[in-house]
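Please find the structures below.
Same chain, two partners: chain A is paired with chain B first, then with chain C.
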Partner chain A sequence: MIDHFARALTQWPLFMTGLLNTIWLCASTAVVSLILAMFLAIPLMSHSLAVRTVARLFVDSVRSVPFLLLAFMAYYCLPAVGVKLSSWTAALITLLVYNTAYFAEILRGAWSHLPPQQEEGGRAFGFTGVRLLLYIIGPQLFIAAGPVLGNQLIQVIKDSAFLMVITIPELTFKANQIQSILFVPFETFIIAGCLYWMLCNSVEWLVRRLELVAQTRRAR
Partner chain B sequence: MVDWGMIANLAGGAVTTLWISGISIAVGIPLGLALALTRVFRLPLLSQAVTAYVSIVRATPVVTLALFVFFGVPAMGFTLSPIVAAFITLTINTSAFHAEIWRASIVDFPQGQSEAASAFGMTRLQAFRLIVLPQAWRASLPPMVNEMTFLIKSSPAIAVIGVVDLTRTASRIAAYTYDPLPPYISAAFIYAVVVFSLVRTQRVIERMIVRRYGVL
Partner chain C sequence: MQVRGLVKSFGALRVLDDVSLTVDAGETVCILGPSGSGKSTLLRCINLLETPQSGEIYLRGERVGFREEGPNGQVRMSEREMAHIRTRIGMVFQQFNLWPHLTALGNITVTPIRILKRPKHEVEAEALALLEKVGLVDKRNEYPIRLSGGQQQRVAIARALAMRPEVLLFDEPTSSLDPELVGEVLSVIRGLADEGRTMAVVTHELAFAREAADHVVFMDAGKVVETGLPDEFFGSPKTSRARQFLERYR
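Coming up: the complex of A and B.
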């Protein structure tokens, strides 16, 4: 067993390529999705029933579909209607659409608990539109929703493993490649599991650090 | 122009998804309770092992776990059919999450009642069986239904190891007809219906608990 681990670890460059691909896919998804989600949260909080219903329909239908199915839809259905995509583009679109819906719902939850005086006070000080969102509401939402957003980010990492099916060379894809070369599947996937474990725990640690920073800043 | 043959195929795939997930949940909930208890009662060695197990399984993607079970276990000398591997995968995954749900509801249980139970001369096990469990399961119920929706949404991982579930049925039809839109959109609709009914069930259960016991 030990020599099997050693054998699997001889392929560490492949593990690292996979891990790095997973990291940058998830990191860019987190950044872009959070920005998009902020703008999607506005119609979710709209006073107009029609706007709210349309936004809700989008968010709820995306959230009730498995990630892999959405990836298949982006990868196979979009070309069928004339949009030619590489597997990387399809993967990124899937990640962005899926997680924008989740993040938007999380931000909406935080927003609905935000005292309305915050927005009123902001307006009284002359903040409107994007500036109101950027300086008054946004930062409070991200702080309030921090831990939940962190959990969703961990979910992004785990969902990204599905992308191996559309041939994205992320960690699980690479692990599968290694086990098919070396025939040591047991050890290879344990190593992959441990890498995912480290990644998820680093995210958790990072979120907790950010929360601490936010708390001390607020206390001042 | 509804293609009834396609709908029937997809329904078959949906049934496979549902029964494999269903059995995994039915096994995963009591298994999760057993795992949680080793930590609640602080059983030496076992509780540390369970902590590590829960932590690693919860951080591992279901696809990775599925490949691990499907390729890794036969390498240890057991033969596995895809269906059995799928069932083991989902059970391992969901049991870890259920262990955390059980543990949270037991740890959050009001200390006073446990103390009262021991004042009445109950052993820890009696107190757990007669006092804690009959009340703690109520707090576990809503997050458990929530976990079921998560399991359904990660169940396409079993399609990767060759189980003909709803997702694989859809991609088979797409490959066969060269027309990916109808099967994938129908499959998405079926998943949405399943998830939506689970969410509904969760709301109904919450309301029933509140009506019957006053609190969740």
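Coming up: the complex of A and C.
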């Protein structure tokens, strides 16, 4: 068994390629989706029922479709209606759409618990629109929702493994490739599992560190 | 600053009923009255946080909240225009409403830097001077959660002053403070009154009103019942409602 591990590990460049692909896919998803989610949270909190309903319909529809199915839709269905995407583009779009909906819902939850005096305080000092969001409301939402956003980020990492089915060479894809070359599936997948474990725990650790900072910056 | 014939109803409840008020430049006006008499709503209307059904508000002779357009029409100002007016009015809230994600210094500097677009180094120097003035310069890097209520309210006053406002509005600034913390906040406000700032202070602190106010306005049930000089009002109130109110608080 030890020598099986040793054999699997001879393919470490493939593991690393997969790991790096997983990391950059998830990291760019986290950054871009969080920004998009901030703006999607606005219509979710709108006073207008029509605006709120449209936003809610989008968020709820995306959240009630399995991630894998959404990836299939982007990769197989969009070309059928004339939109041809590379597998990478399809993968990124799937990750972004799916997680923007989740992050937006998390931020909306935090927003609905934000004391209305905070927004009003901002308005009383002349903040409106984007600047109200950027300097007064947004930071408080991220501080309040930090741990929940962290959990969702870990979910992003795990979901990204599904992207192997649309030929994205991320970590699970690469592990599968290695085991099919070397015929040591058990050891290969254990190694891949450990890499996921380390990645997710690093995120967890980072979130906990940020949480310590966040605690001093909350109202209570 | 002048308010003329302000009317504000929430549903069937008439919270402000034809309220008029003048605060001359350099003057401190204390607004007194029982809870629910419309004092806070009046300040919120002046700061354009509430839209009155009718009435006019003037800041340095300039109509705010509405623009006169056409022969008989008046149009509510846009959000942007109202935001600009609000930067000219400093507001201090009952619940302080400091922004918890910013330090004491950050709370004071964020608006001048981001909204008034003034240079950062200049704003920070001024903010430190303001913190000095409210006696909290050593707390400049603390977040609000680490400050007592009295300290938070003093930071909130410094935050309002940093806007270089034309008028300062105080909405029951000491009502949510522990009794032993009231004094430190009142002495700061008193200092501002003595400097000749233009201020409207809604308060239940009658002793403070008597000492600091140039004029006293007494409100009850959405109406201005009595106005006068503090000594006249507290010494010999003209209306029975004011007499009752003062007796209850003595």
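Assume the second predicted complex is superposed on the first by the 215 of 220 C-alpha atoms of A that agree within 3 Å, B and C clash if a C-alpha of one lies under 4 Å from a C-alpha of the other, contacts with A are read in each partner's own complex, and residues count from 1 in each chain.
We adopt the following convention: a residue touches a chain if its C-beta (ideal position, glycine included) is under 8 Å from a C-beta of that chain, and two chains touch if they have at least 3 such contacts.
These numbers were taken from a predicted model, which means no experiment stands behind them.
Participant: Give one of first, second, both or neither to describe whether A:F103 is in contact with chain B, with chain C, with both, or with none.
Facilitator: A:F103 contacts neither chain B nor chain C.
Participant: Can you tell me whether chain B or chain C touches more residues on chain A?
Facilitator: So, of the two partners, B touches more residues of chain A.
Participant: By the touch definition at the top of the document, which applies to A:F125: first (chain B), second (chain C), both, or neither?
Facilitator: second
Participant: So, does A:I136 touch the first partner chain B, the second partner chain C, both, or neither?
Facilitator: Once the two structures are laid over each other on A, A:I136 reaches chain C alone.
Participant: Mind working out whether A:R217 is in touch with chain B, chain C, both or neither, as first, second, both or neither?
Facilitator: second
Participant: Which partner chains sit in contact with A:W111 here, chain B, chain C, both or neither? Use first/second/both/neither.
Facilitator: It touches nothing on chain B or chain C.
Participant: Tell me the contact category for A:Y196 with respect to chain B and chain C: first, second, both or neither.
Facilitator: Only chain B is touched by A:Y196; chain C is not.
Participant: Pick one for A:F15: touches chain B only (first), chain C only (second), both, or neither.
Facilitator: neither
Participant: Mind pulling up the chain A residues that touch chain B in the complex?
Facilitator: Of all residues in chain A, those touching chain B are 61, 64-70, 72-73, 76-77, 80-81, 154, 157-162, 164-165, 171-172, 175-176, 179, 183-186, 188-190, 192-194, 196-197, 199-201.
Participant: List the residues on chain A that touch chain C in their complex, please.
Facilitator: It is residues 117-118, 120-129, 131, 135-136, 139-140, 143, 216-220 of chain A that touch chain C.
Participant: Can you check the complex and tell me which residues of chain C touch chain A?
Facilitator: Those residues of chain C that touch chain A are 47, 49, 79-80, 83-84, 86-87, 89, 91, 93, 95, 97-102, 110-111, 114-116, 143-146, 159, 163.
Participant: Which part of chain B faces chain A closely enough to touch in the complex?
Facilitator: 55-56, 58-65, 67-68, 71-73, 75-76, 152-157, 159-160, 167, 170-171, 174, 179-181, 184-185, 187-188, 191-192, 195-196
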